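Below you'll find the structures, each written out as structure tokens.
There are two complexes below, and they share subunit A, which is joined by subunit B in the first and by subunit C in the second.
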Partner chain A sequence: MTPSSRPSGLAALIRATPSLPWFLGALTLFTLLVTTLSEALGTGLVSTSFLKVLGMTLCFCLAALAMDLVWGYCGILSLGHMAFFGIGGYAIGMWLMYARTEAIVAESLANQLIPPTEAEIRDAIGAQIFGVVGASELPWIWGLAHALPLQLLMVVLVPGLLALVFGWLAFRSRVTGVYLSILTQAMTLALSLWLFQNDSGLRGNNGLSGLQNIPGFEALPQAQVALFFFWASALALGLGYLLFAWVVAGKMGGVIRAIRDDETRVRFLGYPVEGFKLFVFTLSAVVAGIAGALYYPQAGIINPGEIAPIASIYLAVWVAIGGRGRLYGAVLGAGFVSLVSTWFTGGGAPAIDLGIYRIDWVDWWLVLLGLSFVLVTLFAPKGLGGLVDLWTARQAPERHGSDLGPDEGALREPEAER
Partner chain B sequence: MLRAFVLALALAFALPVAAQAQTPDLGAVLSENAEEIAKPSRRSVGPVIEALVASGAPGVAEFLARWQEREVYQRESDGRFVYIEDGRMVGVADGADLGAAPEDGLDQIRPNGGVRREIAGALVQFQLSAPDPAERRAALDAISSDMARDQIAPLEASIPGEELAALKARKTRLLDMLTARFGSDTEARTAAIARMSSGVSVELRGVLNQILEVEEGRGATLPPDANLARLRVPGSDLGIEAAYAELVKADLAPAPQSAEDLRQALAAHIEGGSVGGLPLARLSDPEARRAAYDALAAEGRVAPFVGPAEMMAAVEAHVFYALYEEPDAAVTTAAAEALAAVETRVALSEAVDISLDALSLASIYFLAAIGLAVTFGVMGVINMAHGEFIMMGAYTGYVVQQVIPDYTVSILVALPLAFAVTFAAGVAMERLVIRWLYHRPLETLLATFGISIALQQLAKNIFGTQARPFTAPDWLAGSMVISDVISISYIRIAIFVLGLLFLGLLLFILNRTRLGLEVRAVTQNPRMAASMGINPGRINMLTFGLGSGIAGIAGVAIGLYAQVTSEMGANYIVQSFMTVVVGGVGNVWGTLAGATLIGFFQKGIEWFNPSNTLAAQTYMILFIILFIQVRPRGIVALKGRAAGQ
Partner chain C sequence: MSTAHPKAQLLEVSGVSVSFDGFKAINNLSFSIGPAELRAVIGPNGAGKTTFMDIITGKTRPDAGRVIWGPRSQSLLALSEAQIARAGVGRKFQRPTVFEDQSVEDNLMMALKADRRPFRVLFWRPESRDRERIAELAETIGLAGMLGRRAGELSHGQKQWLEIGMLLAQDPQLLLVDEPAAGMTPAEREHTTALLRSLAEQHAIVVVEHDMEFVRRLGCKVTVLHEGAVLAEGSLDHVTRNQEVIDVYLGR
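And now, the complex of A and B:
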């Protein structure tokens, strides 16, 4: 291909990621549909609580997208990505809680004869927020909580820095494969254990609550707030998709996939493998943090349990069921599994009466999920995305029987041919 | 029998008593104090008891004991005190048979709680020489828990007659302690302190601390001739504000104003929208508030402001000190030296205790991880459901205990049964899932994780979310107490022994049996092993079953010590993988080293910060992450071809 005939810009992107227009179109349609059915602007067929569920699902999809970038494209199975998601949530939650408490405190101090000093306001906020854990002073972590722009910066910076440091340490010493997975799992476990302490400065196992009340928008009904967050989540998902499509499309995308298939060979070809991995890992951590920052104001509460290792493993489950190594697969998997899960555990699925035993899905859903996950891993490694392949009749590249990569985590011939 | 006892008591008290009364007669003392004995009150009973003891009459001890037990009656007709034995009245003083006890005409004497305590105090001296060792021991315990000056004499008197060496030693120690605290001359007290100050017992530390009790004081100068413990220097071992607060409390300085006091004082003096000449709106600034307050103070309407400078000046003008309540400096010096020595020994013992704790934690980690050392370490299979095998083992123990109520038998049945159950589960899992995924570790991880979720939920559905009881037999309950500081529970010892047993067993199987040889051959090079006539499929199946079975047995042991819940396995899985990874994959010794390192490290952190196990776990994981940076292949790294790719 000569440089002159190479398509440029968006055209190149679409060529490399054919799903991009389809996905963005579908997302726009979905957003418009939900908006017209919402309580705030439409017929009210979609209740506000369900609208929130949909908005949160979109955030999960964004997190799954980030997970797919590191795992499906770069071959790093991170079992700690929900830690970044949670950190994003904590970062925005701190501002939400601070600003709201500040408003309450200002109101209660307003009718005093002497106007309050700044120190008095801070003390009162501290007592209000930390009363539950028996403290009254604002810890240093809350030093920036009064300013929304700074705290928004934290949403990006803290997960990014954590991923950067952790990734640098891990990749530098060539920790790969399963070891890296266990290490990331240990990281998220350490973080959640630390947050569980009362003196961590983030209210211990109480977590941050009341996040659904957005300071400055108290007058707005929740139906509208939920719709705004839904739009924001959809926008973030669309932008995230665009960003990742761009990352995996060009030459860099080629190197990233090559690292997944045979890291050693890429290193011998002269590419700085650690740098690429670090970039991908950090970028996806930042996106996961943003997803978390959008998720928790809709969920209303965040506590350290959300960061427990199991949450990150579910993220991997979603991506695997959706089909890793393809962006829409991650979105599909996260959306499908989390919505079905809500349906089953929320009592939506009818119980099956076997005569001697009644299968109540609230109890049996996890058994079903676990087993179907095993089946997907065994028989359909391409996940739901494989269905799309059937439809488009995509052909696997002919590799003459050799492994697609000798690396142990790599895709192998039987899968590629399927 | 009773006579002999009373006689022994009388002998013990013969010397001091003989000087006072030639013919000790209980009856006379009783009738002298009849009124007080019949209706004793806590305040006035003391002299009566003293008189009774001082009389040295035979039968005093028995009378006191039965008086305390409300077994003494007074005959209404003549006021004689009697006991009732087999329905007959027996005179207290002379033991004369006074005929059958009538239905009425007898008053039971009921001393109240306070009086009974007084009597008990007096009885101690009799009990110290009682013929029953248990009673003597109880008397010593009573003295030890509530030491008093007047116990010295009876205790000292009881020592020569003591026959049991252990009790004699205890009495001597207790006498030393009493002498150290209440003795009258310095020499004797320092000598007693020197004699008693070996060992680490809480009792000893209590005595020394009581001798060294200090009272904190402050004033313009040091009090003369006081036994100074130390000076408290403001700024270094006493905060300036705390020091000032002491001065305020002792009325040596005016009270300071807090920010809140300042605000209230200002609020009380608002005049037409301003205070002290400053408009209210400006008062959100601390400086302005202070200026307003100073203006008020200058007018004399509020007390002058006490700021940091004033506080500092006041504190500097005074001396802060701590004085020993004990006036004798020689004694306190000796006690302080002794306490320092004792505390060094206590610290050493604590280190030993922590090491024992760490060893037992390490053996728990080892037990939880040893199955993984086989499946993950030797075979290279990531089994995220390993924790659920531990849980299955524990639930097996619980179910067996439901069927066989005898705890000892049920555990002996549960151990092999748990092995069988988890062995079967492991073999099934290997055949159905894992063997299709041998070269794809990440997918093995995910598939076994799916199984882990399903098993956990299944256990929840069957056994419920509440913790199930799985009780250890009596011979495993309690703990081995080596000293007041060092103790270890028998269950932990059992887990330690079990861990050692499995280490030996596994090493034996892997290194000394045909199966072990084949396992090592298959893991190193399956194709070559197959060419040599080994069936790799069968070996993989058996090895995986072995690892799972060991997890089941570990589950029984852990279930005895921790709670049996559906989530118990999940609590161990990350730690177990850490143990194997830190120790070094592919080597059972590595797992042992990893478990030891992690156990000791975690306990070490807990030692520095005892209140916070969560923080200890956090730091431990951070440490492991950093450790893997330094030794990516673990402590015991395989070398050469065995290390693989």
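And now, the complex of A and C:
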């Protein structure tokens, strides 16, 4: 390779991440196909509820991409990433709930002789939202809930800041490996336990609900709302893929993969390893937050159970099954496993009657998932993405006969193969 | 060169001690090296050679003593490993540690002297002079035709060379080299000796080595470590005549 033969810009990006055009093309085709089959704009073969499942799956894929950056590329096994996903959901959910309740309250107070004051409206909103937990005042964390732009900012800021502070504390003390994983589990568990409390200010175990009703678009049928969110999720996934492909293409990608493989060596090259980990961790937390903000309006409800440690473990399982350390692997894993999971747990898979015992997949699906995780880890560490290697390996250069050593005395090929 | 007067030293280690669980790995060790000097450090297993390098590079913090660096007499003890590396101390490990998953070119690119801060690295793209420098380094280490190969595909000797290339790419003032000739063929050793000697014209180099023949060919001042302290220092002939050295090291 001569020094001048390397391309730059987009060409260099595609060269470093050959999957980029394939992935974006496939995603566009998929989006178009689903659109033509949707109830709103197409034949209606894809029902609105299934369209929502597909849109939510795309959000999971985006979260899995973020997980892959942190784990597959940088070697930080975060088992708390769904906390960031959930925070993104709560942040957007607060605005959705506030704005919708505001409209309802305004309507019911409109018949009064004296127009309601601002304070009265606020109190009424508080009573409406917090009636279920026996409170009536809006807690301080709802201070920005009236303004969509501010709350959208929170979707990015809160996960980012939490990751920044948590990461700074953990990485600075050089906590690595399984200890870091345990810490991230503790983080997501603590957050979920806090949210379960009624006085957390986020409605305790009731969570936030009615999120599928978008304020200002009440007249729009759900079929169209669902299609809009599906498009938004597909766009976010495409942009996320592009962003991560860019991040891992250049020297940054080299350094974070080097940190994964030998952190100490990277330090001796002069790189401030903690800073790089913090960058990767925070960036992926922000992307996970955005994924959550797109997911929960489609799910319609968020509660603290969504942030339980098990959710983050699922995320790691998806990435492992899909194949970590490659962006499309994460997307494949999240898409495949979560769709199959929906099929099994939704009663789609026929129960198997063994005579003495009936295997009901709603209960047995988790066993199957756990088993496949163990099998993939043991026998196919490259995951589903490894299947792609079967194809690319056929195009790899044939290196038989090339030298194995620089000079005389090194092994020759027949000796080396013995 | 080996008789350089110690008034303008690049690195001065004085009175350094470190113990692990009561075992004194380094015991009141003092050592200094000038800005353009080649030095071999020898000693039996457990003499503290690796710990000595760990202290200079910031991996291990000594219990006592000082490590003073450069013309501004900066203490290295207050700096992190990465800061010490950026200050100009490069290290080559005994076992070749290249990033096997990445190409030879990417390995060299990562080592290349440049801003190491995350956001600078994120937006960094190689310029033509960076590519020229890499091509030049690849030429020096005999891997010119292999820039696109994965480092994991290289032979042991080639990995050693790649690591030396990465060390050079960092452009350090002081090179700490741990057993550079381990696992190399006689011809490769010759090449390594020549390279180290030519580098020593402008750099300070500390070579830790077991192989006496290799040390003899380096033809430089030798420091003998034993039980964490300097036992003898001088030319190879001088130290090999020292009765204590013969007793603890050569006689075995």
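We adopt the following convention: the second predicted complex is superposed on the first by the 388 of 418 C-alpha atoms of A that agree within 3 Å, B and C clash if a C-alpha of one lies under 4 Å from a C-alpha of the other, contacts with A are read in each partner's own complex, and residues count from 1 in each chain.
Operating definition for what follows: a residue touches a chain if its C-beta (ideal position, glycine included) is under 8 Å from a C-beta of that chain, and two chains touch if they have at least 3 such contacts.
This is a predicted model, so every value here is computed, not measured.
Enquirer: Touching A:T43 in the superposition: subunit B (first), subunit C (second), both, neither?
Expert: A:T43 contacts neither subunit B nor subunit C.
Enquirer: Once the shared chain is lined up, is A:I313 touching subunit B (first), subunit C (second), both, or neither of them?
Expert: first
Enquirer: Report the partner of subunit A that touches more of its residues: subunit B or subunit C.
Expert: B
Enquirer: Using the superposition on chain A described above, determine whether A:S173 touches subunit B (first), subunit C (second), both, or neither.
Expert: Only subunit B; A:S173 stays clear of subunit C.
Enquirer: Please work out whether A:P116 is in contact with subunit B alone, subunit C alone, both, or neither, and reply first, second, both or neither.
Expert: First partner only.
Enquirer: Output check: A:A258 vs subunit B and subunit C. Expected answer is one of first, second, both, neither. What do you get?
Expert: second
Enquirer: Can you pull the subunit A residues that subunit B and subunit C both touch?
Expert: Common to the two interfaces on subunit A: residues 408-409.
Enquirer: For a test of understanding, state which residues of subunit A touch subunit B in their complex under the given definition.
Expert: For subunit A paired with subunit B, touching residues are 77, 112-120, 166, 169-170, 172-175, 177-179, 181-183, 185-187, 189-191, 193-194, 196-197, 309-310, 313, 316-317, 320, 363-367, 369-374, 377-378, 381, 408-409, 412.
Enquirer: Would you tell me which residues of subunit B are touching subunit A in their complex?
Expert: Touching subunit A: residues 259, 263, 266-267, 270, 275, 280-281, 283-286, 289, 382, 433, 436-437, 439-443, 445-447, 449-458, 460-461, 570, 574, 577-578, 581, 612, 614-615, 617-618, 621-622, 624-626, 628-629, 632 of subunit B.
Enquirer: Using the touch rule from the top, collect the residues of subunit A that touch subunit C in their complex.
Expert: Residues 1-4, 6, 8, 12, 247, 250-252, 254-255, 257-258, 261-262, 264-265, 267-273, 275-276, 278-279, 399, 404-411 of subunit A touch subunit C in their complex.
Enquirer: Residues of subunit C touching subunit A in their complex?
Expert: Those in contact with subunit A are residues 57, 59, 80-83, 85-86, 90-91, 93, 97, 99-102, 105-106, 109-111, 116-119, 121-122, 124-126, 128, 131-132, 134-135, 142-143, 147-148, 153, 155-158, 161, 166, 170, 185-188, 191.
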